[in-house]
Structure formats: C-alpha cells, structure tokens
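The structure is given below, and queries will be raised subsequently.
Chain nomenclature is as follows: A, B, C and D, assigned in order of appearance, with residue numbering initiated at 1 for each chain independently.
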Amino acid sequence: MRDVIRKLASMILTLLIVSFLVFLAFDLIPGDPAIAKLGTQATPEQVASLRAEWGLDRPFLIRYFDWLFSFVRGDMGYSYHFDRAVTELLSGKILITVTLVIMAFVMIVSVSIPMGIFAARHQGGALDKSIMVSNQLLMAIPPFFSGILITFLFGVGLSFFKPGSFVSYTQNFGGFLFYMIFPALAVAIPKIAMCVKLLRSSILEQWPMDYVRTAYSRGNRTMQVLYRHVLRNAMIPVVTFLGMTLADMVAGSIIIEKVFNIPGIGQILIKCIEYRDYPTVEAVVMLIAFLVVFVNFMVDIIYRILDPRMRQSS
Amino acid sequence: MKLKRFACVLMTLTIALSGLTTGCTSGDKDGKASSSITIGIPQDLDSLDPHKAVAAGTKEILFNIYEGLVKVDSDGNLVPAVASEVSPSEDGSSYTFTLRDGVKFHDGSAVTAEDVKYSLDRCAASDGDSAPLVPAFSNIKSVDVKDAKTVTVNLENPDTEFLANLTTAIIPASNKEPEKNAIGTGPYKYVSWTPLEQVVLKKNEDYWGEKAYITDVTIKIIADGDSIVTALNGGSIDFFARLSADQVSQLSGDFTVYEGTMNLVQALYLNNAEKPFDDVRVRQALCYATDVKAILDMTSDGKGTPIGSSMFPAFGKYYTDLSNTYPKDIEKAKALLKEAGYEDGFTFTITVPSNYQPHIDTALVLKEQYKEIGVTAEIQKVEWATWLSDVYTGRQFTSTVIGVDASTLTAPALLSRFVSDAGNNFINYNNADYDAAYARAIKTTDDAEKTAAYKECEKILADTAANVYIQDMAEFVALNKKYTGYTFYPLYVQDLAKIKPADAK
Amino acid sequence: MKKFKPNASLLAGCILVGLMLLMVLWGWIATPYDPNAMDADLKFAGPSLSHLMGCDNFGRDVFSRILQGVGNTFIVSVGTVAIGVVFGILIGGLCGYYGGWLDEALMRCNDVLFAFPSVFLALVVISLIGPGKYQVIVALGIAFIPSFARMVRSEFMKQRNRDYCLSAQLMGASSLRTMFVHILPNALPVILSSVIIGFNNAVIAEAGLSYLGIGVQPPEASLGAMLSDSQSFLYKDPMLCIFPGVVMALMILGFALLAEGLTEKKK
Amino acid sequence: MEEAILEVKELNIEFHDHELPETVVSDLSFTLHKGEILGIVGESGSGKSMTALAIAGLLSRKDMEKRGEILFRGQNLLQCDRNMLRSFQGDEISMIFQEPMTSLNPVKKIGWQVEESLRIHHKELSKEECRKKALDILEGCELKPEVYDMYPHELSGGMRQRVMIASAMICDPEILIADEPTTALDVTIQEQIIHLLLKLNRKKHTSILFISHDLSLVRRLCENVIVMQHGVMVEQGSAEEIFAEPREDYTKVLTGSIPKVVLTEERRERLLRSLASGTSKTDPRQPLVKTDHLYSYYRQYGKGKVRKVGVLKDVSFEIRPGQVFGLVGESGSGKSTLAKALTGIVKDTKGEIVRPENGFAMIFQDPAGSLNPAKKVGWLLMEPLRIRGIRDKKEMQQRAIRMLEKVGLSAEYMDRYPNELSGGQRQRVCIGIALMQEATVLIADEPVSALDVTVQAQILKLLKDLKKEMDLSILFISHDLRVVYNMCDYVMIMKKGEIVEQARRDKIYFTPKQQYTKDLLNAAGLGDLSITNEIDQEK
C-alpha cells in the first residue's frame, strides 16, 4: 500500500514538472497567442487589449501558478483558438482518441499473441520464417505511410469506407466505430509485428529454463507446457511492451489522426501549438502525460499480478 | 488458450459491429442528395462571433449566416442588405441608413435600429475599455438611432470609403452569447458546430431576399491537405474551394471545376529596411531575375495572373497591368547587382509559413531562378504563429513569400500599408512620392482623380521594386456535378445560397 | 571457439546496409543530376533511361533526390541515435552504477521526458531552435534519450553486482574506470542492438516529422520528406511515393536484419 | 536381490550439432532393481546427467542420436510412442534436479505444482482429493501445510528441493531420478535431504537413481555405484568395494582427490598437550588483519523507510602473517559479507578494522563471473599494473606472462577470452590476477566450490604451493570442512553473522565445543573423528 502511495506521489510530481516545462516552453518559443488569433488585420491596440483580456501581460510565474490553481480546481481555462472552454472542447474529443487507441490495442493483443505463440511453436518452420520476414517488412513502414496505404487499399480501392469522412460518434456510433477500424489498423500493424517478435523470442527464451524441464518430467504435453507454464512467464516482458505501446499510441495518434482526418486530441494539439493556444496545449499534454504515467502505473500492477516475485520487493 | 479464445470473440464482435454499421452509413446520403450538400473547408472556424472571428476561412462561411447593413455582391459592388437605403453625407462624415422592412433574425425577432446600434457599438468598443473589434471603427464618433427604422453613423474624420466597413454583421442585442449561438439574418441558419469536425447549416426559410436552394449544408473540416482529393473522389464531400492545379488534375470526372483567381497579391516581399534590399538596384535585380511565367508553369500548370504591383484585376478600375515592368533579363540583373556592389551575389533567407504549400513551392522555384544571377536563397519554413509575430508584426526578416489579400474592396485595403508610417507596413517601405500620392487619393472625393492617384501609387511600387511581385494565384473550385451555380466573388466569400442541385431549374 | 558462421539474417542485413551506405556515399560524392534543378518539361516524367526513377512535380530527377535523401536521412538518424546513446550511456550509466538518490533524481527526469508525447517534444524543440536538418537531430535526439538511458541503466545494474566489477574495484580501479573500461564493453552488445533498432526508429520518426512539415528544410530531400511530399500526387503519379518508400523500407529492413543477425550470432 | 525394474543396455548418445559428432555416452549398460539406490558418480562431462535425462525421457533434441535400449515395464523408452512415454513420466518415473531455485515455475503456487502430476495422470481424482494428497506428501517431506499456498521465491533452497521431491513423489513412482539434488544446498540441509530420500526409499520402496559428483555423499547413500568418465562406465560395484578398494586408476584418482581428514599421532600428541596446558601459543607477530567487535548492516529500501538490517554481529578475529585462516559457514552466515567488509566494498560497518598495508586481493567462487568476459586474459592480468600507473607495455606483458606460468598456464593464454577456458583454467587466471595486485592478504571466497574434485585438488595444490613460495596470508572462505582442513592452520566457524567458534584447526576438528560445529562435522561425515570422548575417558 505504501508503495502505491509512493508511486502516486511520484506520478503527481512528474505531472507537475511536465506542466511547468510545457508552460516554460510556450513562454520561450516565438509566436504570440494574441497575434496568432487576430491575424494580419490586427492593430497593436487590438493585440494589447486581447493580451490583457487573456492575462498574458502578467509575469510568467504568476501566470503559471494561476493556471495551476485553476487546473487543480478542475478549470482548464479557455481555448484561445476554439473560442470555448477547454474542458468543453476536450470532453468531446477524448473519446475519439481513446477509442482509436483501444481498438488498436485490442487488435494488437488479439492478433499478436496467437501469432507469436504460433511462430514460437513452429520455430524455424516455413510459416514461422514467413511470419518473421513479413514482420520485419511491416516494422519498416512509417505509420503515416501505412495509413496512406490503408486509405488507398480499403478506401479508394475496395471502397470499404469513405476516406476522410470521419463520422461523429454523436451522430452515428456504429459508423464511428467502423470508420475507426482502419486508422486503428494503421496504428496496430507495426506494433503487432513488434509484439509477435517479442512474444516469440520471449517464449523461446523461456524454453531452456529448468522449470520447463520439470514440467516435461511430470508428463505434460508440449502444448500443456506452453499454456500452463511458459506463457505466463513469457508474457511478463510482453506486458511491459504492451504498456509502453499503449502510452506510445496515445502520443503517436497525432500522426494517424492527421492521415485519417480524425478530430482527436492529437489534431487539437497540433492546431493549438500552431496557434499558440497554450491553455489547450497544456491541457492536452497533461492529459497525454497522465495517460502515459497511468499506463506505466497499471503495468506495474499487472506485473505484480503476473509475477509473484515482484509483490515482495519494491 | 483462454486468451486466444477471448481474442477471437473480440474480433468477431468487431466484425459483426462493423457489418451492422456499414448498413447505416451508406443509406443516408444518396436518396435526397439534391436538398443537402457537404462541403469541405481546410481549417476550422476560429469563432462563431462574427465580430471576433478574424480568419478569412471563417468569414467566408459566416457570410452565409450574417449580413451587414450593406453586403458585397459577386461583382464586388456594395448593395444594401439589412438596410434598404443608404444616404451618405456630401463630405463623407456621416451615413444614414433606412432599415429594410421584414428582415428577421434567425430566432424570429425583427431587426430593430437598436440591434444595429448595438452591433456597431460593439465593434467600435465605444465603452472604451478595449480596442475596437473592427479597427476602422475607431473612426466612428457615434451611432444615432433616429427612429425605429433609421440609424445614422457619424465619423470623426470624413471618409468616403467608409461604407465598405459597414458589411459588419448585425446581430440581435438580445443574444448574450454570440460565440455559442450564431444568430444572424443571412440565407442560412446556424445549427451546430463540432470543433475540428463540422459545422451544420440549415436554409433560412424567412430570408428577405432570394432564398437558398439547398436545405441542409454540412461543412466538414479537412485539415490535411493531402486528403482533400481523396475526400472529394471518395464522395465524402461535394465541394471544395481553393484547390491547387495539382489537386485538380487528380480529380475524378464527377466534378465541375470552376477557375478563378484567389484575389491576393502573391509576392516575394522584401524588407526594404534591411541590407541588401535597402538598395533599389538589388530589388530590381531580383525582379529582372524572376521569371513569373516559369513559376506559373512549374507550380500551377501555367494558371494564374501575373501582376506587377500591389493590386489585382478584381479591383477593376483601380487595376493597371504592370506585370511587364521587369521582363526576365539576367544580364540586366547582373549589371544592377554589380552596380550595387554585389558582383559576386549574396545569400538571403526566404521565410515562408509552413502551412501554405503554394508559397513554399513558389519560394522553391525562386531559389532555383536566383541561382542564375549568383544569388543564393535559403528557405526557412516557420509556423504561421511565428511568421505572424516575427515577420509580420516584428518585421524581423529579409524576405518572405506570402499572399496579401484585401479585407474590403477598397484600394486602401491593399495600398495603405505602404505608407511610410503605416502600422502594417511590414516591409518597411519608405517613399515620399508614394506617401504624397496616397494622401492625395484619400483626400479627394472626385472619383477620376482618386483613381489616377491610386494608379500612381501602384506605378511607384512597381518602379521602385518594393517587392518582387508575382501573381494573383489561380483558384480552382471543385463542385460535384450533382450541383451547379457556383459563383466567384472578388473577396473571400463562399456564397452557398447560389449553389443549386443540377436537376433543378 | 566456434568459427564465424554468417547466418542468413546477418548476411542479408549486411548486404542491404552495405547497399545503403554505398548510396549514401554516392549521394555525397556526386549525383547524376543536381537534385534541386527544376525543369518544367519534365514534370511528372516517368522512369526512363536518362531519369531512372522519373521526375517529380518540379521536374527534378527523383533518383538524384533519393541519393541525397538517403544521405540526409542517414545523417539525421545517425545524429539522433548518437545523441540518444551518448546521453543515454551517461545518464543510464551513472544511475545504474551509483543507484541511490542520483538514480532517483535522474530517473524522475527521465520519466518526465518519457511522459511527453515525443512528437510534441519535437514540435516544441523545433519551434524553439528553428527548423532544419541539425535542429531535427537535436529534437529527435532529446526524445530518444529516455529509452536509451533506461536500457543502459538496467544493463549497468545487472553488471554492477557481478564479481568482475568487485574484482576491478578491489584492484583499485576508480569508479569511472570501472564504469567505462570494465562494464561498458560488456553492456555493448545490448547497446549495439538497441542502437540499430533506435536507428530505424529515428528513420521513422524523421519521416513523421517531415509529414508534419518540420523535417529537413526544402529543397533538401530526405526519404521522409519525399514520401510525405509525394502524398499530394498519389492519384497522379504513385511512382513518386513508391521509390522513396521502397528505399526507406529496405533501409530499415537491412538494419533490422543486421540487428537480428548479430543477436543470433551471439547465441 | 529384488527384481530388476529398469534395464539400460548399450546406451549411446551422440550430439550432431558440431561438425564432428560428439559422443557423450557410449555403450552404457546397467540394471536398477526394485528398492535399490544406485549412484552414478562422475565429474562434469562424464555423461551422467545425460544418462539420467535419457531415462527420464527428457532428451529429445533433434540434433541428437540415441541408440541402445532403456527397458522399463517391457517397453524400450527410447523407441516407444510419445504418449506411452508421457504416461510414465511423473507417474512411474519422476525426476528431481540440481537447481531447486530454477526448477520450479516462479509464477505458480506450490500446491498447484505439486499436484500437477496427479492432474495429468489421475484425472479421476477430485480437486479436494488432489489437495489432500498434496498436503500429505508435503507433510511427508517435512513441509508445513502453509507452503501449499506459497510461491517458490518465498521458500529457501532446501524447502524448494523438498517441494521438488514432494511433487516427484506424489504419484508414488517406481523410479526416482535425482540429478545432483543436493549440490546447490548447504551441508546441513544436504544432510536433511539425504535423510528424506532414504526415508522415502524405505517407506515407499522407490528405486532411486542418484547422480552426483560428491563421492562421500554417494558412499553414504547408495548401495551400488557406477563410476563414469567421458561417457564411459569406468567401474561398477557396491559402494563399499569401490571406495575401499578402487580397481581402476580413474576411480583411484577420484577417491584420492577427496581431501583427507586424518589426525596423525604426532599432531594428536600436540593437541592433547595444548589442551592440557589450557593455553595456546600466541603468535608474537603483529596481526595483518584484525577486526574488533565488527558490526555491519545493509539498508533495506522501500516500504517508505530505509531500514538498517544487521548482518555481522560482534565479529572479532585476527589474521597473522603467513597464516591460512579458514572461515566456515553456511549460506547466510555472513562469511561473504565479512570478506566484503574487510575489503571495504561493504561500507556500512561499525567497529574497528585493521587492514594490511597493500590491501586485499580476492578470488571468487565463480571464476566465470569474476573475469570480465569482454576482455582477454592478458589484458585482465595487466589491469592491476595499469591501475598502479605502470605504462611500460613490454614490462607489463612480461610480468603477465611470468604470472601465467606461475599459475600453471602457458603464455599462449594471453590472447584467450575467459569463455574459451575451462573452469580450472579460469580459476588459475583469477589467482594470477589476484597475485598481480601484490596484496599482502589474499581472500579466497569459496575458490574451489564450483570445480570438479580432481580440478579442485589441483587448484588447492596450486594455492598451497604459491602460499609457500610467496609467503602469502590467506583468508580462506569455504563451506567444505574437508577442504578447509587441508588448507588452513586456523579455523573460524560462523552462523548467522556471529562467530560460533574459532581455534587452531585440530582443536576445531577433533575437539569441537559447540553443538553447531558438531552438526557441521556430522553433516560432512567427520563427526566420528572427534576425540573429545577419548579425552574425557582419559580424564
């Protein structure tokens, strides 16, 4: 329990530092939110009055702590660029990105685990070799490019979905889910390849272990040894990888969202960086950082469930 | 083993779900295509509040929802809108408007003189706290309600061109949250806005003028330029304005392509206060080295109108064709450079905003062309916000490729910025002759004299090579053949009310 | 000692990587055409004898641009990995070797860096120091430090308690000597394979940045920039994306095979 | 003699993973009878483990060829169908392994693992019955029922080996194959496991095939013994015969390599005299190493606070010049910690430590781990010189070569990597490196525990010779009382961080005072050498 509290405390510390760094970065980079908002027709007076309205004329630290206190109270501020409360803006978009990530994650788990086991079982066989070679190829494609290829294949070629016509989940949830399958696939493909490779080598690494020999000596069949003994041990590094992947996908959704024209938080992040809309940027980065940290935390817990040795020592 | 089975179930579920949903999605479009249209825009609205929205991309959509006392027609003329009659005073120091009968806001209430006063005061920020929302309104002394149907606008300083600013939207005084609830008088009513996704409009059945043809308009935001063609060809959108020549060449046969001009002055803008561009000979040398036709051929299949000064053809009477001031002449350019002491050429930076591919392309071609006279251009892509604050506001640059547009269809919208002490004179242009000519143009009320003075300004800009003028870029608009009736405006406007189903009369 | 027996992966990897290096060198020494020279007549010209891979939307020779692009991609990736590895070894080594509060503090910093979305990190760093090849290296390099540091740290922790380290300390070797002369060579095989994998990730990350418009500055080519530029002409000239795409895939494949071959050989 | 239960006929095992086929077992034939405990003795590479694995049906690599017959219940286990083989495995033939730490699945509960054979072979049993049987067998193996719900990492090595035995015995097999089951355990624990095996053998009449390198252990446990070398059976016979009168040379070498503990008449006299006088001669020379009421701690992190846990408690001793000081203790006795505290690697100590001027050099138990695998032998030998600031390459090289020769290796080893050497060679290099440091005191932490008996004897001889030649003082740490007797002049026994007893060697071995010392001697089979009783009688 103490451990959990310690972890939580360090999570909060991490998030605090992240928030400060983002604030600092936005103070340093060129570009002024008010000028960005008002565009070419603005007069200096307009800019000044907008800066005053947004409180940008105050010293850096005061702005930071002002933001921090509001944030802690649950007020994420007002989006300059989208002209509405950040909370309101993000609440509609989080689900989109989360859906994308979860769908991709489900694909990764449901495809790569059976495939990894299969490849390990038939190590050296023709199928294993072809899986490994295609894995290497799939890992060699940048995600945005695989996104384009999928758009072309399933969207333009096979007309499974209408490219670029994101369906809002408020209008048609089913259509939304269907549309998300393809970007999720684009996100998942390279990760599936990595995961298959990892699981395969993890299983093969477990195979020469003494306990496997013990299991055989009790009369277990190979399949029984695999599923009853090896798999859980082999999953330990895979869980770490999956956790990192999950975190990675949250952050990496930025590019795929652009390819598939999905208005998720990644798109918002890019737009808001472009327009120096830092209350929104701050909120999105905090959200992503939180997800990353939280996923790491969850991995830690799953780790403890999977591996009883971890439960004892900190 | 359990895991595997679980995964299988999940997969089946996903597939089953997707099967279910394909049925849903494909149904809703085909049947009543004629009464609805989906259009694409490249960037999201920055506000629904017509007085606070600044992006051109937002204004061209809000044009359909809001109207001012006057509005622009497709020829660029100002025509009465919410007002039915305008009577300016002789000297241009006050304008009196008579409101049109029967103009209703979208919420059903009638437009009153109080609403007009409220709207104009709001933009002029007459309470004095902050800067005026419409800069030109700082010139408004007062807005007087004469009676229920009459409003007079009094100016501090007489301005004969002021009417163009009164396209400013009239909104109901009762609407306390204009940024959330758009209520105007235009041909379309606002229905919903989902940021980064779409804006939905509905036909205003009570519109005072010619009513729109299409009932439902969905405006989709397609932020990624590369997916526009795919979205058009794939049928997600029926309409997209401002396509590039390359994009047009990749469209399927389902589209009518309208060709027009962007109505902006694309140029290599030079910082006239910075070395080496403080020397007119260097600027002229660059002009001589520039082959505009080659640029057009390279970037837009030869489409686009070469221009020679800060004025584009849509301005009609004010426009003179100066595009031949500097025909391509490498020898002359080299001679000028030699004269200016840059015999061995020099290196300079072209700063371009990274979100405008056409300008980047132009810069790339320019870089190649300047190699011929031994001048090395280095291209630096910067974010739009950085460009605005560093280049445009901060004037920290040597040169930049950008397109300058006109906020209203008056010559000052393009020419005022080159007056030495103008706040938006980002190229630091400083020429006494120009200042004098411009002052003359503003003062006079005689139209011929005014036109002559403006033309003189244009000529001075061209002769002193204030910038390397390139073109008014070609604009391509794709409209699905199911529809027709697209009309170009000389300003940033997409008039959706004129689009009609192809089978309707 | 077993004789050196090249395995299939290693061989294929070496051939591909060798080919890549050859292209890089070729690109540095001379390209068939000026990679930036434009020619309106050659816009979207298909592959021909004079232009092996055809020409792009400016009529530039694609093959020459690929040669230049491979070089740039290579520099960016090597630079990125170099920054990641050097700082990763320093931070990870110190953390893993000394442990205690130093480890806590540095690893906390690492966590912070890790919690940043890497694309965001790159965007901010580029905004701060401006765009360009070398800036991209710095931006990506910073984003690459945490994963390397973690890896080196765990490897150093593993090695730190081995008897040979104690033995070195007993001989009177300083901490620095123990870390870098004794431990580092043993951590190298692990570091090497993650360097190769990191190299591939850098190639992909550079492509991602180019896609977001903040990669190398035009008109310079990189594989990622060519790939993302070619997107605009997918319907018109799909060859434009196929060539850089294939070259990039082969490059990554080559290094991945090399890494795998090396680990196989170790076993 | 009971009926034969397992017959091995002309067993041959060959590996084909290298260019030349490698024969690991050739023409091995023997018979195991019902209720018999048959020992197979040999050093590493003798093929004894391969034989065991072949019988257990656990050798199924593709690049391996097995010929001959292993007959069990009329079936040739080498040829029979996999299902048939599987039906024997765990039910009729079960096996326990050397490494109890790794032979259990780390992520499964003990109960689940013990019951596994039941679940596979006796599907008719209900969950409850399985549980009951498992608890019974755990109890039979002297384990508490709580163990059922624990994980392997929560148990000590000895307990884990009991769990292994329990899981192997749960189906009452005909044959139990025990492959070095006690090698990784402390002597006292080893003794308990041996007793447990004997008990099970008597109670259940299970035949046991006991594989070990430890001759004295085999002698005490087994009725019949097979001696193997390089895959060939050297000698076979009853345990007493083999040990008392070995016929073959190899067997003689093997039995001769066991360090002897014998009290000569002369030394007996001296011992008795010193005991009578009640005082021992004190060495007039200053001690080289001395600790005075030494305590040491380690910090336990986590759980919020840092906790100091005591390891060494009140340890005081002295090492005089030229002395070989034996330090004996089981795992957890703090003997390695003491070494680390002396060298300064463990810093968290209280109490005075006097260190020799030139510091310590150290030899570790695992020569593979204590040599940097990334460096060549020559580089490693020169490292102490380099650290001392010697820059002359030639000189360093010459000194390294001289040292190599001194430890019995030729100059050609300079360019070898540690993993290209055998265990004995590695330990020689380790000794060489330690000597290069020119330290006054050499700490040898279990230097021969990981080596085969014959190699062990060579290394011990080398150490002795070097000691004489270079007038070394050695702190010799070991758990093996026989080895310690052979090496040391003075012995200190530790348990759980405290000194149990310290005295001159003969005093400890022949007149032990503390019960723990006696236990240790008993476990090593040296208990009956004590002359305390005689002395008492004389009195």
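Throughout what follows, a residue touches a chain if its C-beta (ideal position, glycine included) is under 8 Å from a C-beta of that chain, and two chains touch if they have at least 3 such contacts.
Since the structure is predicted, the reported quantities are computational estimates derived from the model, not experimental observations.
Ranking all chains by how far their C-alpha centres lie from the centre of chain C, first place goes to D. Centre-to-centre spacing of chain B and chain D amounts to 86 Å, using the average Cα coordinate of each chain.
Centroid to centroid, with C-alpha atoms defining each point, chain A and chain C lie 22 Å apart. Centroids built from CA atoms put chain D at 48 Å from chain C.
In this assembly, the C-alpha centroid of chain A lies 37 Å from the C-alpha centroid of chain B. Those residues of chain B in touch with two or more other chains are numbered 230, 233, 355, 383, 386. Across the assembly, chain C contributes residues 127, 231, 234 that each touch 2 or more other chains.
The full set of touching chain pairs reads A-B, A-C, A-D, B-C, C-D.
Chain A makes touch with chain C in their complex at residues 10, 13-15, 17-18, 21-22, 25, 28-31, 136-137, 139-145, 148, 152, 250-252, 254-255, 258, 269-270, 273, 285, 288-289, 292-293. Remark: chain C residues 1, 162-164, 166-173, 177, 182, 185-186, 188 touch chain D in the complex.
Chain A makes touch with chain B in their complex at residues 29-33, 35-50, 52-53, 81-84, 89, 92-93, 103, 106, 109-111, 113-114, 117, 151, 155-156, 160, 162-168, 170, 172, 174-175, 177-178, 181, 227, 258-261, 263, 267-268, 271, 273-276. Of all residues in chain B, those touching chain C in their complex are 225-226, 229-230, 233, 246-247, 249-250, 294, 297-298, 354-355, 357, 360-361, 364-365, 367-368, 378-383, 386. Against chain A, in their complex, chain C makes its touches with residues 108, 111-112, 114-120, 123-124, 127-128, 200, 203-204, 207-208, 211-212, 224, 227-228, 231, 234, 241, 245, 248-253, 256-257, 260.
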